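Shared between the two complexes below is chain A, which has chain B as its partner in the first and chain C in the second.
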Partner chain A sequence: MSALLRIDRRIVWLIILILIFYPLIYPLGLPIHIEDLTRKYYQAIEDLQPGSLVVTTIDIEAGLWGEQGPQAIATYKHLFDKEGVKFIQVSFYRADCAVLFETMVLSEVDRTKKEYGVEWINMGYLEGKETAMSAFAANFMYPTKDAYGTPLEQLPLMKEMKSMEDVDLFITVQGSGYIDTCLRQLPIPYDIPTVGATMSMGVPDLLTYVEAGMVYGILGGLSGAAQYEYLTGKPGLALRGLDSLSLVHIFLIALVIVINIVYISTRSSGGRE
Partner chain B sequence: MISTDIGVWIGAILTIFIYSYFITNRQNIAFRIAQTTVVGCALGYIIAIVMAKNVDYLAIGKIAQGNIIYIIPLIIGLMMYGRLVPGYTYLARTPIALIVAVGLGLGARAVFESDVYMQILASSNWLIVGVNPVTAFNSIISLIAVITVIAYFFFTLRPEKVPGIKAIQDTGRLFLMVYFGAKFGATIMTRLTLFLGRAQFLVYDWLGF
Partner chain C sequence: MSEMLRREIPLGLATIIIAILLFDHYVFIEFTRGISAILQDWAVVVVATGAGIGVINIVMRGIGNIQKREAYWYLEIWQIVIMIIVAVTGFIGVYGTHPTYEWIMKNMYLPIDSSIYAMVMFDITSSFYRTFRVRSRDAAVLFVCAIFTMLYNAPITGGIAPTLLIPGKWLLDIPITAAARGFKIVTALGIVGFTIRTMLWHEKPTIGVVE
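Right, the complex of A and B next:
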């Protein structure tokens, strides 16, 4: 049994590889449970009335696309489907966040449902991190031009949305690095209802803001995105990938239990520590 | 049907190059090619974007519109390059001091409400009476966790001088371990999902399943 402790790690990787790839080709359709925080995230967007003004930030780096891409796509599909809802999109974290939005998210949504400049604006990436967030929150005209180089004063939506004070809902799709900075500069000083999508490892941090009443709903990782896709009725990458993730989790939990039992039994019998 | 898009092929080959690490169990030439390609592309793109957004939109663009005052931040920004010129490194101190001071000021203004005041309020909201049993149970756990974790960080309370404090601090450490365990578990979940994202790209976008 102690041979298990000396197993070549590449065997574990090979098993994980099979467990990930097999359900992608032959889906299993494992059941899905909708969490309360996911439902609140969905409901916050679903309850938006025509004329509601929203600010969204997509601050996910390219490396996190596998986990957060489905969250972003599902969120913007939902927003574009909401008739009369107007929003400004902006990125603060890194330049590739804006590229992801432009190339990977917008390509998945039906852009004909909203008129650019009248119902939505893409500000692109604003350099300056916390300073830029603070300046933008106080004055949406601060970047002077949108992501495509159009002067902001030429866009009709800018007459309705001047600062965070005009906003009805703040939506942030974030990795774990800038959640606290983003929240403390954009929605919290203006007391704006907020929902956030983050990677799995960012959930414990974001939950502290939920407990404090500053964030209402959360999408946590790929499972959150899958639940959200299920609620919106638009299946996407998250639902298609959930089978793989579930199988790997079961395998890893089993591996942790078995290896610990072997380790403890080997140690108690005076074997290798 | 397998993709005929050259961009997808480049993405797929670079992905396989990166994961070749798992086969050789160490860095290899394919891994390094992919790694340096990503870093080079990202750095070049970021420089281009920052120059366009900050220097063009926020400085030169505004100066061209007649806002001469914007020449001041432009000069302060240029002073940062003093670090590269021997004998003039002191020039960089002013912009660095400004960045630190503004960042600190903005952060300190907002952090008190979001990360101190509101968190203390939430931590003090122990609903035990008149709520359902689950909420009451959670409140009790929360109360114990807050007190014991704070006690854990009171290093001046020495176990040999304060009777019973060791048990409280050990309980606090237990709660910290629970948090770190949850965080570690979630980190593994994230890493697996990132791999899943690349697997989906290979299976759906490249191989066309």
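Right, the complex of A and C next:
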């Protein structure tokens, strides 16, 4: 049994790889639980009335795509399904975030459901980080052109949306490192209701804003995305990956408990570690 | 005069700009709002110029390494070639919509960047089961908290045994959120203190003044 304490890490890695790939090929359909904050995220978008104005920041770098890509895709599918809801999308974190939005998120939604320029606009990536956020929040015309080079004054939606004061809901999908910056510059100074999606480890950051009443709903990591897909009735990447996530978690919990039982019994019997 | 150019003028400019932006944040006057908007626009230009300078820096450094035949110098050639290809295809037509550019982002950049993040899995998992051993009382507390947090994060837990979610949820809602809140407050106070020190000329290196 004490050999378990010196288990070759490659065996652990192999088991984890099997537990990841097997459910992707043969889905198990393990049960999931819908959290309150995920339900509130869904409800905030579902309750949008025709004519509502929304700003979204999809700032996902490529490395986080596996965990947050499904969040962005599910959010945008939901927004495109909401008749009469209008939105502006903008990225501030890195240029590749805007490119990923264009190539990976927009390619998954049915763009025919909304007319570009009238019901939605893609501002692309705005350089300048926090300064750009502040400038954009005060005046949506600040970039002068959208992501495709069209002057903003030619787009009818810009007559309705001039600054964050006109916005009814702010949605942000970000890695954890930038979410504070985004929230303090965009929705909070204008008291805009906000929902946010972030990595699992970024949820405590967003929870502080939930406690303060500034953020109403959270999607946390792949699990949150899967719950959201379930609520919207559009299963996707996240629900497919949830079985793998569950199995790996349970395996690691069981492994560390067993190793500690062996460790304690070995130590108490005077054996070597 | 050169001393004033090097020291007083940059520090004075920084003080004036910070004062205008702070005043504009709290008091609404059309005149200062206009100046504040112009200052923020120029700040965006400066930051964007920094990105361009970064590209030039990478190319110059790469060319230097190639000329000197430093270790792995041939990878510098590969880096510069890829950078040029991506930049050119990105600029062709409407930004970021050229098929070659999309192909590179979708089939090269995204998988490679995701793989680098995914490789962390190997380190984390082997560290996890080797680190979480009950060697002491503190380690035991950490172990128990880790188990409950992982149970809370495991999607299946809520589906088969919702009761097991309660300790993990309490950990997340109370001590972890409290720590995160404390961290945010401390960070905010640090930023305020740093700004005041910059305005009072106590933080000179930030402005580029080295004495």
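Brief remarks follow.
In the analysis below, the second predicted complex is superposed on the first by the 272 of 273 C-alpha atoms of A that agree within 3 Å, B and C clash if a C-alpha of one lies under 4 Å from a C-alpha of the other, contacts with A are read in each partner's own complex, and residues count from 1 in each chain.
The criterion applied here is as follows: a residue touches a chain if its C-beta (ideal position, glycine included) is under 8 Å from a C-beta of that chain, and two chains touch if they have at least 3 such contacts.
Note that the structure is a prediction, hence the values are computed from the model and not measured.
Of the two partner chains, neither chain B nor chain C is touched by A:Ile171. Touch criterion met: A:Leu100 reaches chain C, while chain B stays clear of it. Of the two partner chains, chain B is the only one touched by A:Gln185; chain C is not. Of the two partner chains, chain C is the only one touched by A:Tyr263; chain B is not. Within the superposed three-chain model, A:Gly66 lies in touch with chain B and with chain C [touch as defined at top].
Of the two partner chains, chain C is the only one that A:Ala226 touches; chain B does not reach it. When the two complexes are overlaid on their common chain A, residue A:Met214 makes contact with chain B while staying clear of chain C. Of the two partner chains, chain C is the only one that A:Val12 touches; chain B does not reach it.
In the overlay built on the shared chain, the residue A:Ala197 is in contact with neither chain B nor chain C.
Overlap of the chain B and chain C interfaces on chain A: residues 9, 13, 16, 62-66, 96, 98-99, 124, 126-129, 131, 134, 180, 200, 203-204, 208, 211, 221, 245, 249, 252. Contacts from chain A toward chain B in the complex involve residues 9-10, 13, 16, 20-21, 24-25, 62-67, 69, 94-96, 98-99, 124-131, 134, 143-145, 180-181, 183-185, 188-189, 199-204, 208-209, 211-214, 221-222, 237, 240-241, 244-245, 248-249, 252. By the touch criterion given at the top, residues 9, 12-13, 16, 30-35, 61-66, 96, 98-100, 102-104, 124, 126-129, 131-132, 134-135, 138-139, 142, 147-149, 180, 200, 203-205, 207-208, 211, 221, 223, 226, 242, 245-246, 249-250, 252-253, 255-257, 259-260, 263-264 of chain A touch chain C in their complex. Of all residues in chain B, those touching chain A in their complex are 22-23, 25, 42, 45-46, 49-50, 53-54, 57-58, 61-62, 102-103, 106-107, 110-111, 113-115, 118-119, 121-122, 179, 182-183, 186-190, 192-200, 203-204, 209. For chain C in complex with chain A, the touching residues are 37, 40-41, 43-44, 47-48, 51, 94-97, 101-102, 105-106, 109-110, 112-114, 116-118, 121-122, 125-126, 128-129, 132-134, 143, 146-147, 150-151, 153-160, 162, 165, 172-173, 176-177, 179-181, 184.
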